[in-house]
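Chain lettering (A, B, C and D) follows the sequence in which the chains are written, and residue indices restart at 1 in each chain.
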Amino acid sequence: MKADHDQVTRLLKTARGQIDGILKMVEEDRYCLDVSNQLMATQSILKKANRMVLKAHMNSCVRQAVICGNPEEKLNELAVLIDKLAD
Amino acid sequence: MKADHDQVTRLLKTARGQIDGILKMVEEDRYCLDVSNQLMATQSILKKANRMVLKAHMNSCVRQAVICGNPEEKLNELAVLIDKLAD
Amino acid sequence: MKADHDQVTRLLKTARGQIDGILKMVEEDRYCLDVSNQLMATQSILKKANRMVLKAHMNSCVRQAVICGNPEEKLNELAVLIDKLAD
Amino acid sequence: MKADHDQVTRLLKTARGQIDGILKMVEEDRYCLDVSNQLMATQSILKKANRMVLKAHMNSCVRQAVICGNPEEKLNELAVLIDKLAD
């Protein structure tokens, strides 16, 4: 993975910490909307990590495959990804 | 634009027809959630048209730019697009 | 519909104007990503109109149904709406 | 929280397990798009948990507040939630 490993790891650990927190909230029978807000906040962190991963992928893997004259597979993957993201 | 012009045009005309319908619904003071449902249905049609446009773009413009040894601009555009879609 | 009719109408007419513009872009065979960007901009306008409609629905229809002691149908509709929006 | 605690807990533990898996993928320098796909799969699980939480909230907390003649706060919260979800 070409994205900054430390940055992505930090986001993932934050997301994991939040999930641990939500598990505790469920156990303590906390208020629905507080649980919901934490779930959405965790989704946002994972989204941020994903954008970081995809940005580095574009700038690195895809670019290199193109330079090396071997872009076919990368372009097919991107077409699938974009179709998924645009849905 | 590389997507099938007839298909995209048909979707756009459907969306326009729906917007005309919603304008009429507003004028006739129809029920909020009926208006909302039509608004979301129209968004779905535009989303479908967009996926069609992007799919053809990947298969055609991007591929050709790569084959022609001039991919730089296309790849930069895709990176921006993916970051926007993943948000 | 309880949202400001003028505001919603204005947004809908803007969206319709943009769709007319996109139809012309397709006819003139304009660049895929320019078409795509316009499609996404139009989706944003419809989203804005929808938020306006839903906000007024909550503040008016739902509230009144509750005050009038007849909230059952409104609450069921909201549950369906929230499940759709959260998907 | 009114949603089935066991079901929500199971989803959260699955999501946590996936995040642990992604952390390992990052450490092992696995392929960007494999990491990205796992990130999106984890977002989907959290979304599913959130829908479950919100559904139970509607059917339970909101309904009860209305029956008990104290709906004001719940309706305000819902208006904020819907505006956030529709964005």
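FYI, contacts are C-beta pairs under 8 Å (C-beta built on N, C-alpha and C of every residue); 3 or more make two chains touch, one makes a residue touch a chain.
Everything quoted here is computed from the prediction, not taken from an experiment.
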item	value
Chain centre separation in whole Å, for subunit C relative to subunit A (CA means)	28
Separation of mean Cα positions, subunit B and subunit A [Å, integer]	24
Computed distance of Cα centres, subunit C from subunit B, in Å	16
Overlap residues in subunit A, where contacts from two or more other chains coincide	47, 50, 54, 81
Contact graph of the chains (line, ring, star, complete, other)	ring
Interchain contacts, given as pairs of chains that touch	A-B, A-D, B-C, C-D
Contact footprint of subunit D on subunit A as seen in their complex	1-3, 5, 8-9, 12-13, 15-16, 19-20, 22-23, 25-27, 29-33, 35-36, 39-40, 42-43, 46-47, 49-50, 53-54, 56-57, 60-61, 77, 81, 84
Contact set on subunit C toward subunit D in their complex	47, 50-51, 54-55, 58-59, 62-63, 66, 71, 75, 78-79, 81-83, 85-87
